[in-house]
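Report on the structure given below.
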Amino acid sequence: MRTKFRYVAAAFGLTASLALAGCAAAAPEASDSIVIDTAFTLETSDPGRNYVPTGYMVSKALYETLLDFAGSDESTPVEGLASYESNDDATVFTFTLKDGRVFSDGSAITADDVVFSLNRVAGMTESKANFLMNGITVTKIDDMTVELSTETPSLKLPALMTNPSLAILNSALVIENGGTTDDSDAAEAFLNETSAGSGPYILDTVNFESQVVLTENENYNGDEDIDFTRVVIRNVSEAATQKINLEGDDSQVAVDLSGDQVASLSDGINVFSTPSAQTIFLLINQSEEVGGVTSNPDFANAVRYALDYPALLELAGAGSEQATGVIPPSFLGALENGVDQELDVAAASLEASGYDGESITLEYPNDYPVGGVSFTPLAERIQSQLADAGITIELAPAPFTTQIDSYVNGTEAFSIWFWGPDYADSANFLPFSAGQKVGLRAGWTAEQDTDVVNLAAAAENATNFDERETAFSNFAEALQQRGPFVPLIVPGSNIATASYIDGVAYNSTWTMDIAELQAK
Amino acid sequence: MGNTPRATRRYSARSPLVGYLLRRLGTSVLLLFGVTIVTFALANLVPGDPIAAALGEGAASNPATVEAYIKERGLDQPLPVQYVNYISGLFQGDMGISLRTAQPVASDLSKAVPATVEIALLAIVVSLGVGVALGSLAAYRRGKISDQLVRVFSLIGLSIPTFWMALVSFNFFFLQLRIAPGSGRLSPALAPPPTVTGFYTVDALLAGQWVTFTDALAHLMLPVFVLSLFTIGLLTRFVRTSVLEVLDADYVRAGRAKGLSGPRLLFGYVLRGASLPILTIVGLAFGTLLSGTVLVEAVFAWPGLGSYAYNSATSLDLPGVMGVGLVVGVVYLTINFAVDLLYGVLDPRVRLA
Amino acid sequence: MIDAPTPESADAASAASTPVLTVDGLTIGIGSRNNVKSIVKGISLALTPGRVQGLAGESGSGKTVTSLAMLGLLPSNAVVGGSIRLTDPEGGDTELVGMSHRQLNEIRGRRIAMIFQDPSSSLHPQLTVGVQLTDHVTRHLKLSKKQAREHAIGLLDRVRVPNPAEALGRYPHQFSGGQRQRIAIAIALACDPVVLLADEPTTALDVTVQAGILHLLRDLADERQLAVLLVTHDLGVMSAIADDIAVMRHGEIVESNVRHNIFANPQHAYTRELLSSLPGAEGFQEVSE
Amino acid sequence: MRKRWLKIPAAWITPLGVIGAVIAVAWVGIAFTARLWVPFDPLAQDLPRLQAPGIDTLMGTDALGRDIFSRLMTGAGVTIPLALMLVVMSLLVGTLIGAIAGYFGKWVDELLMRLTDLVMAFPTVILAMVVAAALGPSLFNAVIAAFVVSWPQYARMTRSIVLGLRTQNYVMAGRLMGFSPFKTLRVDIAPNVVGPILVLASLDVGTAILLLSGLSFLGLGAQPPTPEWGSMISAAIQNFDSWWIGLFPGLAILTVVMAFNFVGDSLRDIFDPTSQVSRAGARS
């Protein structure tokens, strides 16, 4: 019998040493390959069909857009592939392509590529990014100039043109592989294997479940100079695992770390903490049959003044700030400061709302941390704070996929949700208005508050810069007073990198531009 | 997680092996049909609206997109018709498009299944080796201290919550000791080997990529260790009982009377005699392993069947859930079928009735 | 026709040759440290080449335990006293009681062999007859595969198993009960032992087949000068081929004598009682082919 | 008249069985009394967040500043009673189905056994997970999902026992005397089923706890803020460096399940003759 054990023992010894060998292979020196860990939300690498963060990060590296942003400043778009002027009532925008720029296969970028790329997104009604092109008509002026026009004034158009979904594709190559400008387009399969853009990287391999590999685009002649020739973006859904991988030097960039995790990072790791553009808010349904007592405006006020915001902020950790309104801090028209807890106002409003102690269900997605803030602890703290103020709350978490259904159909009486801009412009937050998309989800119809509706219209159709700014801040102020939403937290974006990496600039759409990463 | 091992499999000497296997194949196909009905029913019983989930907020409110989506996926037809489409699709290998990954479920699973089977096979081999060693030791030294120790160890093994063990071991071996590599099937700096079997270790060997092989093996260590802990507990207990029964058999005493002892008696006579019941439990252990993968893969970010099942179930991805149900059913039934086949090979009384 | 030796010649033969295995004051107890239940309370008997020593007694008399003790096959909690001596081919004795398992393995199957009651369970169901005939031979006699195979065919032929060469590749369940016991005997004789212990060899067989096996044992004893210990409760079997008979009751040998005397005039009351239980027991009976 | 203590048969006192029973009873005791003596309110969030175990908080605090020791102890009151209830439910339903299938045979047996095979054709956690996701995540639905995957093992075991007994003479005799089928089942067959079922049930408590906490770990079982072990461990994933958040609930599950496994294992040796220890005596 004893001989039996020698075999078994030897077997274990062997595998242990193998593990060591395996680990030594990834020794921590600054190679020109970089690994980025993020929780994948990746369904396609066809920019025209993409509408999710990881997809934007990949498209940003593979493709270029007409306009761009400098670093993390998202207030004014700068030149990308083209420069632009607009007429005075902001309905016609003329884009002139920079000359000499080429795609990854060496062919020149022309106006035809721009017209094809934009019309393709406009034509593909089943693409989730389709709505970006609503109301915009594209006309070619000459080989290097294209004109975009809208019926109503659209100061947000330049910001739209920075969105990677409207990236400029190599039209010849895409058409050759089944690309069209309507729903019959079949280029997605091709674009899921090879990239047809002009960005600093080209697509090497992609597996939507596990990882995407980008390699340097030799023919790139833009002004980004990249330090990493091979980029691996890996799907690591657990933020905790991302942290371990980063500290174990198994990865070089961790994108979704939470505030708490960043606080306890070991030294020798850089952290780039800035408020993101997401806003986590409470939704209080205004329709009688959906919410019952919640439809009484006083109830919303009671909740608004009962909450202890600093105690909620504590859960979000580094980089996060208290939300001052529906417009996040770095955007046009954001308010200076948010609401403070006033228990007596809360008690009075609760009394006025006719609430008689019945239990209200707080619904929220429990598997979708936003900016590292997971909703479960947040909901539990809200529950206990409202309990202290006399409102009994029962929690009903559900996976994102089931919860989004009742959110979109406006059947949630009381819930936690979040809203992030689709493109970097305050126009993104007008849907919060009464009768608009998000407003309707809270049962807030236009008739209930015509004043707010007018404020929103004023912001939408402003034709000059200052007029637009005051219109947006008035809109935000009105929502803070009588809107069915209680903005809570703007979570921080905490991107952590290995010590030798710099150049991380947060962006609300594509999170960070991989091309700007440098090795110190 | 493991349910109690079934009574030792009774084999009927009268029906020749082929008849026996054909009948088993028949029931397996019937069962598989039942599996598709169960998963289809479950998948459609689901409260949430997967379409809104799949399209996401922005697009979901755009009626044109929703309309196109429903038409294209044929979700507007009555359920029985959808089921028939699904089954007829199956025969051409089309398992529908996953609502979550927007990829054909068949291609998703073709990547996910090998990842899980690679862990399960290695775990079974390790557990069988250790289980047989410990089980035989416990049986040989029945009643003595080593028997009691083995029993306590295997009972503890059976009591460990796999998901917790995965977390603790990942934290301890990876973060503290740094002797285990990070999560995932391969260090990200390495490209996966050219797919032949789908098993990274085997494919790397076939392609002669030594670094990839050692790295893939290193990444297998922790998940296999965690899953083996439980399986060893299961196998050791069963091997001990089977070996005990065989040790009392006349032919083993006859073997001793011939002067045979040690490994020659253990492997030649004892384990050969106990191989049939042990085979049954290995088939069963494979089932509990599949269960375990759901919990372990989430922690190790392992892109296998377990995490695919979890993601499909929680995100109400109907085709995904059905695909998983089908594949799991097929894997499960193939294993049981293989066990029957091996029964014939190992037991001449069944083969040459 | 079993030519049972006539009483006179049997006595003469036994006096002349010296015993090959002597059991002297053997005691066997089973149980843990403090309460040991004694099963065999001091028995002595001797096995001489060419003679069949019968050991008769009801079940529970300790006869099987005695046979097992000779090969050291008792369970771990057995306590063995007294002596069992095996005479070496070059003279001198080896004491088996207390011998280590490693040393006993040199003797088991090599110099002392054993066959058991139920042939359908004492042959390994999943191993071919050929394997079971040769695996211990290659160990003891260091024969090559080919030589062992030849040797096996010879043995099967000797024990009258039909077409032996083909039988090597077949499994026990493909033979009849009688054939299986013949194969077991072939296995026992493979290394040409000097002593054969037979524990109830015919009890599990139907009567028609029993005679054949007994006949075979008798021939082998004479032909190979084999010392056979025949353990059985069935005095009919005993009367067929046993030269000497020892009657055992509650762990003690109450009477031991030549077969003729046991059957002709049993001394001990228990022996008479055993004999009276024989069907048609008018004394000595000749078993004919 | 001498007072008669509960006479536990000597054979039951095995070391493993005793240790198991003591731990199991202790945990069940905690389960039903925890609320009374726990140092802090398991739901109060007023302690400092993410505090390592120290003198004031025995097992540290979690991300919301709640005392983990108090949550752990009250958590026993969530998991253990549910597991026991689940086992009893699956035992009753499973035994009934097994008895009916075994006793009446023919198409009844075929139908019920095919149903059992169908449920057992899935690995337990995967089927339970799909059912729980379909019903919507809640502790109650998780128990139902666990029940769906647990009853077949009882059915299969009872059926095999009943099949074995049905042809026994004394059962035949009973039926000849005009016993109704249910009387036969109750009087003649039930006593033989009790032993093995008891063994299976005590082992199954451990499996039930693992399954329920597993489902909660996946977010399909207990809903926050309920202090349930599985969800406490999954919450630990968010704060990996605070090792104590996940460690202690896991140890709690381990000790409870181990205790019931020890008890079940000892009972198996007592009730299941085939593996009786006293096999050493030589056959004479």
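Read from first to last, the chains carry the letters A, B, C and D; within each, the first residue is number 1.
Basically, a contact is a pair of C-beta atoms (placed from the backbone, for glycine too) under 8 Å apart; a residue touches a chain by one contact, two chains touch by 3 or more.
Here is each chain with its UniProt name: A = Peptide/nickel transport system substrate-binding protein; B, D = Peptide/nickel transport system permease protein; C = Peptide/nickel transport system ATP-binding protein.
In this text the structure is predicted, and so the values were computed from the model without any measurement.
Chemist: Where each step is a move between two chains that touch, what is the least number of such steps from subunit A to subunit B?
Modeler: 1
Chemist: Average the C-alpha coordinates of each chain, average all protein C-alpha coordinates together, and give the chain whose average is closest to the overall one.
Modeler: Of all chains shown, the one whose C-alpha centre lies nearest the global C-alpha mean is B.
Chemist: Please state whether B-C or A-D has more C-beta contact pairs across its interface.
Modeler: Here the pair linked by more C-beta pairs in contact is B-C.
Chemist: From the centre of subunit C, which chain's CA centre is farthest?
Modeler: A
Chemist: CA centre of subunit A versus CA centre of subunit C: separation in Å?
Modeler: 89
Chemist: Please compute the C-alpha centroid of subunit C, do the same for subunit D, then give the distance between them in whole Å.
Modeler: Their C-alpha centroids are separated by 54 Å.
Chemist: Could you give the separation in Å between the centres of subunit A and subunit D, each centre being the mean of its C-alpha atoms?
Modeler: 45
Chemist: Please set out, as single numbers or ranges, the residues of subunit D touching at least two other chains.
Modeler: 133, 136, 219, 237, 240 - these are the residues of subunit D that touch more than one other chain.
Chemist: Note the residues in subunit A that touch 2 or more other chains, in rising order.
Modeler: In subunit A, 238, 241, 244, 367, 398-399, 402 touch at least two other chains.
Chemist: Can you tell me which positions in subunit D touch subunit B when the two form their complex?
Modeler: 15-16, 114, 117-118, 120-126, 129-131, 133-136, 150, 152-153, 156-157, 160, 200, 203-204, 206-207, 210-211, 213-214, 217-220, 230, 233-234, 236-237, 240, 243, 246-247, 249-250, 253-254, 257-258, 261-262, 265, 274-275, 277, 279
Chemist: Enumerate the contact residues on subunit D facing subunit A in the complex.
Modeler: 43-45, 49-50, 63-64, 133, 136-137, 219, 223-225, 235, 237-241
Chemist: With touch defined as at the start, can you tell me which subunit A residues reach subunit B in the complex?
Modeler: Residue positions touching the partner: 1, 3-5, 8, 11, 15-16, 18-23, 25-26, 31, 33, 35, 43-44, 51-52, 125-128, 130-131, 183, 205, 207-211, 213, 232, 234-238, 241, 244-245, 247-248, 250-251, 367, 398-405, 407-409, 422, 437.
Chemist: Please name which positions on subunit B make contact with subunit D in the complex.
Modeler: 1-4, 6-7, 27, 30-31, 34-35, 38-39, 42-43, 45-47, 142-143, 148, 151-152, 155-156, 158-165, 167-168, 171, 175, 241, 244-245, 248, 287-288, 290-292, 294-295, 298-299, 306, 309-310, 313-314, 316, 321, 324-325, 328-329, 332-333
Chemist: Could you please specify the touching residues of subunit C with respect to subunit B in the complex?
Modeler: 71, 73, 101-102, 105-110, 113-114, 116, 118, 121-127, 135-136, 139-140, 171, 173-174, 184, 187
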